[in-house]
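Please find the structures below.
Two complexes, one shared chain (chain A), two partners (chain B, chain C).
Up next, the complex of A and B:
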């Protein structure tokens, strides 16, 4: 069944994690292209991690231009690809848990996360702790889109 | 929810998150530091009436489009030929008829000259096409006669060109639509009585299509031109074979044979010149390709020049071919009992009257003519937008509507063209004398502009190029005179209209220039801190919430705040003063008794007195008249309230050193 496995996922509603990484726009375009034929719903979620030393509901994200930019640029990229993207801004202690909880609440059938490539120290994918958490806890399909390795793009 | 943040519980006990509301996101998008872009929702009307209007508009014209949704399609030669040539090629549908209508005055024998007249026009077409090829190559950014003359002659001449172009575009719509309907009524004579209505309806449909943002670049628009071309060329081929090989010839109708004796005119040079002038309408639309060079695929100029040559060749073949068939089949116009166009009679003779190919050909011709009208709907509003940007016509003509179309220009074009259809009862023949005059004036100005261009630029081979344009210029100038004289007195309307349009545009330009000079500030000017004193005058009708709100607002603007109560009843004034001193301390109340019951006059007189009392050694103060206003919730509220405020406002607008501030009071505030 190699063709089925390699086929892009079919979904109705997807939560897309927006990290603010430059690769994010590529990710949105990709998901938007897949969503368009099925008129699938896209929800872009940006999570601002709040340290335990600060109150979770402190007025932080709402006032930051950079954070608004991440969401607005994502909306604009999706719109340019012909798809509407609802943007959601969250403050949480843990990014992975917030993304999974948002996907559950929205009854999403796909959760898309980007995986950045770290060029330092010989180059490696920065897998961190968020992606393993999502892979383990998400109740829906998870799609990890890796950033192209610099050699691939060149 | 606290301050736009909503706490949410996750699946696990410790997994809490807060959703942060983004109040701006519904209406704006962040596009750069300190920069927001309005979303569609920001333009959505909020009042019920506005919403209803927007819904109706959307139903008729479609949803509003964002600027980035504009399609900038580049055209291949094949597509461009169909799109830009529809105007020129469609003129072959009525040009032959116009020649024959003149020649018939010289009797049947004179009709034989029709072929030679069409050959002469074809020669003129070749000269014009060669000259315009040069414009394509010299002005790859678009060589409309307005831009060529603006660059080479300056303002006045370019405005003459623009005026001639405007008339031309309007006439293209009127003539093409009228002719299109005539093709339909020739095939279905029962519709003859409805031709004016059908013409206006056709213009209305084209208008709606264009207001919806219809683009002429679509494949849909290329199809009718090719359908007409194929069927017309096939018709010419079949007809020519029947005439040349089978020796088939037709007889003119009996009424024309009889007419010879009564209204015979010698086949004089004047008659031939008149026929030539009438047939010269065939050249209309030749300039379209030179105007649209940027729309071509690269290399734009080369592709446009090639397309122009192909178009001229096709038009020449069609025009001569149709005239050849008409002359040999003994066809000329029929007006009674039902009008039948020459081209429909040719189609009937070749394909068979009432046959399917006949109806198809008539349909293709009608479609092509509608398409030709549509080209003006693209070009005319764009010309007006350029003129508006240059400050020659009101600026609103440069604004694009919800669907990215220059709505004002489209509506003006449709209105004038529809009015012409009604005025001339949808008769192409009656409209033609107004046509072609502007076209040849444009041709001449463009060629003359090119002569200057070559003299100034002097690129390699400039002498040869200059000679070509000089030849084209003199030829079109002579034709312009011939056309004007031959089509007089109707053609003189166009000649009279051009100076009127030029004068109007120059007047508007002077107005805008004057206003701009008045508002201009020097580059080194730095806005100083305010140095003039301000005082606030509040006309009041008593003490109420609206007045209180106006006083509170007035106090934020100046320390010198006074209320003025104008009354004819002094007792009422005294009662108000008592109340005022108790309830509004610190704001003096001036009671102006008005025994003649006037309101506006005493108030302006009071303001004049205040001005006179101001110390002459100080700068004049700014007087802010704060008007308390009650916000109308229903349409009838507008009749019941604020009438005095409206009168005061209109009286005070334009008063020196005076600013009017409305303070609206909404119920529930």
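Up next, the complex of A and C:
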């Protein structure tokens, strides 16, 4: 679509929060589709929150297969969509602050986060503290992708 | 160094800010949610909005690995509880408490708080430096808080006037080390003869106070009456 490509890109470099949630793959596919025509850069960031009772440099995340899988799935999903995604694993005290810091450090012009929304039991909407923090502090554009999580099996 | 600061008032706020600026790892606990959010907005995600008097929240804040716990709330009772829990439940090597009421100092020491900071005492000391007093002036605490720096202003009636330090019977664990005469501080030698108006600087344990008072200040009222 040449007419669309002549327009400035929606973003050049996006930090995508990898939550490990089932919605994650859809989120990556969505961002990858938007990134592809403009060869925009994608950085997938998975943050492992370490509580204050443990030192921040304790290697918890590196030892977990589950965490490694989150990164591998993200890379694989982006690759399948024809886009390269650089995956980053961070240990931090606060997820929101870590994502914003990464966006600042990488000079990203977009930060994408998913918001899981439970549909069963009427939908127990809760936005948590990470998204408000990001909306308040991110220096770039922020997209919050809200989708229902898959139905729970009873 | 990992420092846990309890109390997000002015003292806690600036203390946290300075410590972060010096490259230390710091957590600030403030029970008032609005105040905690306000501080977090200014200095980042190092604020936990919980009551530091509760053990479970101290644990959440990482008291188990803290090098120092500084309890700087405006409430002496809270500061004492925090330091005691830090010391006895979490084996924190160094506890520092702000003591607002100087009368609580001995209780804090007795209950094992490592270091006491008393703004009231400091201001009092500063005021007393400028007015004639007939008491020993506590200039500050040293070491782990068990030693005190004390000043004695020798006035008419002082038994130390005309005597040298070697002629005085100093309590054990206390030593005189400097004299301020006409605004000039000089080391106090064993043969320095003390004179009226001298300010003698001593260092010693708090319990040396009465004996030091007797030797340097004396009973001024009795001397005047006589």
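In the analysis below, the second predicted complex is superposed on the first by the 132 of 154 C-alpha atoms of A that agree within 3 Å, B and C clash if a C-alpha of one lies under 4 Å from a C-alpha of the other, contacts with A are read in each partner's own complex, and residues count from 1 in each chain.
FYI, a contact is a pair of C-beta atoms (placed from the backbone, for glycine too) under 8 Å apart; a residue touches a chain by one contact, two chains touch by 3 or more.
The model shown is predicted, which means the values in this text are computed figures rather than measured ones.
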| item | value |
| --- | --- |
| Contacts of A:105 with chain B and chain C, given as first, second, both or neither | first |
| Which of chain B and chain C A:69 touches, first, second, both or neither | first |
| Touching partner for A:28 - first (chain B), second (chain C), both, neither | neither |
| Chain B versus chain C as contact partner of A:53, first or second or both or neither | second |
| Partner chain(s) touched by A:42 [first = chain B, second = chain C, both, neither] | neither |
| In the superposition, chain B vs chain C on chain A residues touched | B |
| Partner chain in contact with A:87 - chain B first, chain C second, else both or neither | first |
| Touched partner set for A:97, first chain B, second chain C, both or neither | both |
| Chain B versus chain C as contact partner of A:115, first or second or both or neither | neither |
| Shared chain A contacts, counted only where both chain B and chain C touch the same residue | 56, 93-94, 97 |
| Touch list for chain A against partner chain B, complex | 47-48, 56-57, 59, 61-62, 65, 68-69, 71-73, 75-76, 80, 87-94, 97-98, 100-102, 104-105 |
| Interfacial residue positions of chain C with respect to chain A in the complex | 2, 25, 27, 44-46, 48, 59-62, 64-65 |
| Chain B residues touching chain A - in the complex, by the definition given at the top | 2-5, 7-8, 10-12, 14-22, 24-25, 29-31, 33, 68 |
| Chain A to chain C touching residues, read off their complex | 51-56, 93-94, 96-97 |
